[in-house]
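Shown next, in structure tokens, is the structure this report addresses.
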Amino acid sequence: MTAPLFFALLFWLAAWGVNVKLANAPGRDSLGVRIVVPLLFGAALIVLWEGLVRHFEVLPVILPAPSVVWETFLASTEILWVDFQQTVLKGALRGYAIGCAVAVLCAIAIDRSAFLTRGLLPVGNFVAALPIIGIAPILVSWFGFDWQSKAAVVVVMVFFPVLVNTVQGLREADAMQRDLMRTYAASYRQTLWKLRLPAAMPFVFNGLKIATTLALIGAIVAEYFGSPTRGMGFRISISVGSLSIDLVWAEIAVAALAGTVFYGLVAFIEKRVTFWHPTNRK
Amino acid sequence: MRKALPVLVVLAAILGIWWLAVAPMNIRIALDGAERSGAAVVPEGARERQEVSVWALMARNPDLVPLSYAQERPRLPTPGQVATEFWDTTGAMALDGRAMSRRSLLFHAWITLQSTFWGFLLGTSLGIAGAIGIVYSRTLNLSLMPWAIISQTIPIVALAPMIIVLASQLGIEERGVPKAIISAYLCFFPVLVGMVSGLRSPAAAQLDLLRTYSATPSQGFWKLRLPASVPYLFASLKVGIAAALVGTIVGELPTGAIRGLGARILIGDQFGTPLAIWAALFMAAILAGVLVTFLDLAQRVTLRRMGLAEAAR
Amino acid sequence: MGAPVIAAEGLNLTFQTADGPVHALSDVSLAIAGGEFVSFIGPSGCGKTTFLRCIAALEQPTGGTLSVNGMTPDAARRARAYGYVFQAAGLYPWRTIGRNVALPLEIMGFPKDEQDSRVARVLEMVELTGFEKKFPWQLSGGMQQRASIARALAFDADILLMDEPFGALDEIVRDRLNEELLSLWARTGKTVCFVTHSIPEAVYLSTKIVVMSPRPGRITDVIDSPLPKERPLDIRDTPEFLALAHRVREGLRAGHAYE
Amino acid sequence: MGAPVIAAEGLNLTFQTADGPVHALSDVSLAIAGGEFVSFIGPSGCGKTTFLRCIAALEQPTGGTLSVNGMTPDAARRARAYGYVFQAAGLYPWRTIGRNVALPLEIMGFPKDEQDSRVARVLEMVELTGFEKKFPWQLSGGMQQRASIARALAFDADILLMDEPFGALDEIVRDRLNEELLSLWARTGKTVCFVTHSIPEAVYLSTKIVVMSPRPGRITDVIDSPLPKERPLDIRDTPEFLALAHRVREGLRAGHAYE
Amino acid sequence: QDDVTLQLKWVTQAQFAGYYVALENGYYEEAGLDVTILPGGPDIAPTQVIAGGGADVVVEWMPAALAARERGLPLVNIAQPFKSSGMQLTCWGDVGIESPDDLDNRTLGVWFFGNEYPFLSWMSQLGMATDGAAEGSVEVLRQGFNVDPLLQRQADCISTMTYNEYWQVIDAGVTPEELVNFRYEEQGVATLEDGLYVLEENLEDPAFVDKMTRFVAASMEGWKWAEENPEEAAMIVLEYDETGAQTEQHQVRMMGEVAKLTAGSNGALDPADFQRTVDTLLAGGSDPVISVDPGDAAWTHVITDAALMN
């Protein structure tokens, strides 16, 4: 066994040991442990990766070592930032915002008609299960090369999960709570604002969380079918072509980071908004 | 019937909107074509028309609007065109006895289905194993769960070429394997999440009951946690199979367009035959529908057998 | 006692279900005068809830007539004649106790400062002053139930409909709430319809006890209580009380087939 | 009466929670002889469940001693000394009634034919013969609760721990089950620890009533019942019964601080 | 029988007819080779595949191969069946483009994935920047795999191959008169396309050299046959197209056009062409593909010499 691999395995074992200790110690539910344990786990994975790459002398054009990726990352922050703006800020976020807003509004509109709800829910459920990603080439040809087509792909991808979840959520207020509103002779709008929307929030956020990961993947894949000369999908694709696999990994790291932050943000807002839900009560 | 009617109405509405959208979507290329073959088009010249909105073009060339519905390479095909193309590459070929010819969508659906199946199998096994690990080990719970979420934010397409190369380094030449791996990658997450909630679904009192019997952990798993998780399992399997299908198609798009629906979509794009893309998309939709319906049936049968179907009501 | 506030004549209600029709109420006639405290008691499924829901216009009878304050139940609902207290407190978990109690006031468009003063007043009535800012789940079951009573009282409806409001509480808390409810009723003079499973509770609280029996749901006995309006808790150990309880139990047993 | 089957001496249990320690049990001493029927009554949160869970070794006391059959509770648990009946029937919905009752037998490795004969026997005891093949949801709440009692009886544990088993049932069904439980106890001679919120229930069933009070959970009164072993339902209208009930109520009220 | 795996640069089409013909007509078998042909795709970099050991020999364009070489993956050109470049920029005539100078301030579709280098060289030669439509600069789009951007006028010009995309534009109903083509050959920025590349280290193994010699000889035989029998060759290609989406008409025409590009090559790389490619790439604008002349190590005649002997 070579030194790098030996060290990597050792680090792995040590990290695992520490994690086992931490996870079963009295303070195991503290925020600190919740952050440190996964970080240590991730660090161990990266060290193991580095060790394996060094030990087997894997060609950097196939799988670069994390250290190399890190150097590339530092050296290419400008490119990464440009790509991040194009793909995440313009394509994914705008598409996400539009798609989610339209889906929630549609859900509210549909919800007034029991007939529409009964018709659209199965259809929506079905469409949500479809490989929508396949329409990326069509939407790129419809909406052009810039972020608009990426946003369009994202809109279509996030629309149905959010719609279905919201419609589901709007039905969530239980019969007794609705009856209560009836005994007050409350109007439709009052019932919607004061009861059904708040009660739907856990479901809406469930949809919104699913949508975050879809948004990023959609925006990146759509760039494969045409893009300006910037964007994460663009960069990943051309970097594979020129064997700059280290840059590919740097982009992947940015995507994962952006995706995690995005997801975390939505989850954070969810905790704020649905503080009252049993899963969030302290 | 009471259930089907609203769905049919919604589907009819969707078809109607689609059909109406064909005219504005295709009017430009329709007018370009008409002009080339000598028809009088207002305004003249493709470049000049670029400046005019599609609605104005339709209003000023009412006679030529029907041409939008008869384009060979439409931006948006009519439902009829898609249906015809779909039938030509499936049913018609099957009637000819060429169902499994390479030109038949059935053949490609079969290829995609196989990868989906293996990916689903692999992803589900990983998801279930992961869930068991997470439920039974605090350490795994704390370390794995955040990374499972992060793993889903990685653009899997970016990994596709590397998966191919790594697979071939490990001596796997078959290109179906990378597809199945990508498919499994997307499939495992919903199964993991669903099974974690499923395995954790037994109430504290149910667990305590087993403790009063001083049951072993494995008895607790087989007699309580596993059966209790079955409804969750099926719910996540349905999401998982859909994800596996998406994964396979994403895997087929860029990684060596050889066979499968994703490859058809890619080739349809490359050779400018939109009808082929649409037909492949419909095939993918049908495949998804069939797979989910199949699991839904399996769910109903299993839950009824287990007496859980009515209990849930 | 004047004209009946609630008058049911030959009321029928049949639910159409997948397993065939369910006769929830069959030929129910009852007159309730203003200011009465009426308890409904009967085994599970005998239609107590259904009858209350009919009064509140949450359910549409399939036969017979029902009038409330001389109008249809639905007109009475629009005139906001009811305060309804459900078995579970049913507070909205995303609103504080204060805002939960203010909910009907918001809906009925009371001005903000009147909302505040009314909330303060009814919370005091149910002894929850100081808990305005808490969320429902931070309170015990008994406190939640009192908050839901406060909510029903806030807009001063004449008729209080209460469907097993104390069913989920333990006996001691329940005793306490019973005492309070009684004094509240005595103070405000509201008409109260009260569903319960507990014989002592029914006897302790009511001026009139309606005993029901299932399949189909009908009234088997209506007992006017001879107990005085002033009722300390240990009235429950008096022979009058016990006799009344015995009569209710017999009425129940008669109508009750073992499942 | 021989040596106590369950003996607690100065038992303490403090839960460490986010809001600071909760004293669920404080200095609880109690001896229960073989064959006794002991009821625990007290307001919500006074530690009744916690005490039962300590006996069943589901909770670890933080102070004092507790012995069951002369061993530690955990050793007794391993020796399968307990049948535990929870408030909710807690039947596994994917098992038929028969297989639910067989669950402890499977786990304890009884041979198949003995499982069958035992299931048949205990189902007969609780009058559920013929329902083996039904799923729980096909039975009423009372029947489910009887099945869960059958499950606890199936493996013939000496000690039956019952935590509000009838809390969710209506009064009439409850009466019936009380009667049955009593005759079952008389027949089998098991030691029963029974938690309830209902004073009549406690008085009707028990040879010994333990009254508890909260914050911190402790025993305020232990009442040995003078009632005969043979108890028809209308014993509840006798003066002895009422006196006993009165004493329990007073004990409860004394220990009960308004929430 | 020796195993050989060939990784193509793109999907199965007449662009690679010679190899499919050699396979179908048994030329490989006669040479004692068991050849597996792997089609490419948008995300398949032949260079990466060969680095990972997924192929013995790849079809690649020289710019990408030289770029890989600079990144530490020593690829060597062992044969060059394509003599001339088929790449061109196809523009609408009606927007007023007649000469390369008219490209100023236009939107142009370009292929990336290692295929953009000739374009960048050309632009730097024209003194045009590529950072957005403006005076003295062009807006560059990464075009996808189809010609829609031109048809829908999202771009004024797009990259096409003489044997493929150009004809798709024509098939869409556009007449050749409406179009203006700038061939890279004619602009003096052509780079060598579709050569065969192997890993340098493998060439030290005489057995491998022998295997490749037989492979190149058989492949060239295939190419020759394909040039002479374009229709049959196209049918063979169709036979091997597993997607079943290619059309006969298109492949026959493609074969005809490809034959024009392979004409004049006996398989051996012309060092002058090599040098022209290197010079073009070295001139490649602000961010050139290769920064140093790779020298003659990047190609060898050893295999073609031996192959052409017999």
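Think of it as A, B, C, D and E in the order they're written, each chain with its own count starting at 1.
Keep in mind that, in the parts below, a contact is a pair of C-beta atoms (placed from the backbone, for glycine too) under 8 Å apart; a residue touches a chain by one contact, two chains touch by 3 or more.
These figures come from a predicted structure and were not determined experimentally.
Participant: Spell out the chains that contact chain A while also contacting chain E.
Facilitator: A chain counts here if it touches both chain A and chain E, which gives B.
Participant: Could you work out which chain's C-alpha centre is the most distant one from the centre of chain C?
Facilitator: So the chain farthest away from chain C turns out to be E.
Participant: If you count the C-beta pairs in contact for each pair of chains, which pair comes out on top?
Facilitator: Top-ranked chain pair by contact count is A-B.
Participant: Indicate the whole-number Å distance between the mean C-alpha point of chain A and the mean C-alpha point of chain B.
Facilitator: 18
Participant: Counting only Cα atoms for the centres, state how far chain A is from chain D in Å.
Facilitator: 50
Participant: Between chain B and chain C, tell me the centre distance in angstrom, where each centre is the average of that chain's C-alpha atoms.
Facilitator: Spacing between the chain centres: roughly 53 Å.
Participant: Which residues belonging to chain E are in contact with no fewer than two other chains?
Facilitator: Residues 42-43, 45, 48, 51-52, 144-146, 148, 152 of chain E each touch two or more of the other chains.
Participant: By residue number and range, which residues of chain B touch two or more other chains?
Facilitator: 75, 157, 161, 165-166, 169, 253-254, 268-269, in rising order.
Participant: State which pairs of chains touch, listing all of them.
Facilitator: Here the touching chain pairs work out to A-B, A-C, A-E, B-D, B-E, C-D.
Participant: Would you pull the chain A residues touching chain C in the complex into a rising list?
Facilitator: 176-177, 179-186, 190, 194-195, 198-199, 201, 274-278, 281
Participant: Would you pull the chain B residues touching chain E in the complex into a rising list?
Facilitator: Within the complex, chain B touches chain E at residues 28-29, 32-33, 36, 45-47, 50, 73, 75, 101-104, 107-108, 157, 160-161, 164-166, 168-169, 173, 175, 253-259, 263-264, 266-273, 276.
Participant: Can you check the complex and tell me which residues of chain C touch chain D?
Facilitator: 43-44, 140-143, 169-173, 176, 197-199, 237, 242, 246, 252-253, 256, 258-259
Participant: Can you check the complex and tell me which residues of chain B touch chain A?
Facilitator: 3, 5-11, 14, 25, 75-76, 137-139, 141-147, 149-150, 152-159, 161-162, 165-166, 169, 238-239, 242, 245-246, 249-250, 253-254, 261-262, 265, 268-269, 274, 277-278, 280-281, 284-285, 288-289, 292
Participant: For chain C, which residues are in contact with chain A within the complex?
Facilitator: Within the complex, chain C touches chain A at residues 53, 56-58, 77-78, 80, 82-84, 86, 88, 90, 92-94, 103-104, 106-108, 135, 137, 155.
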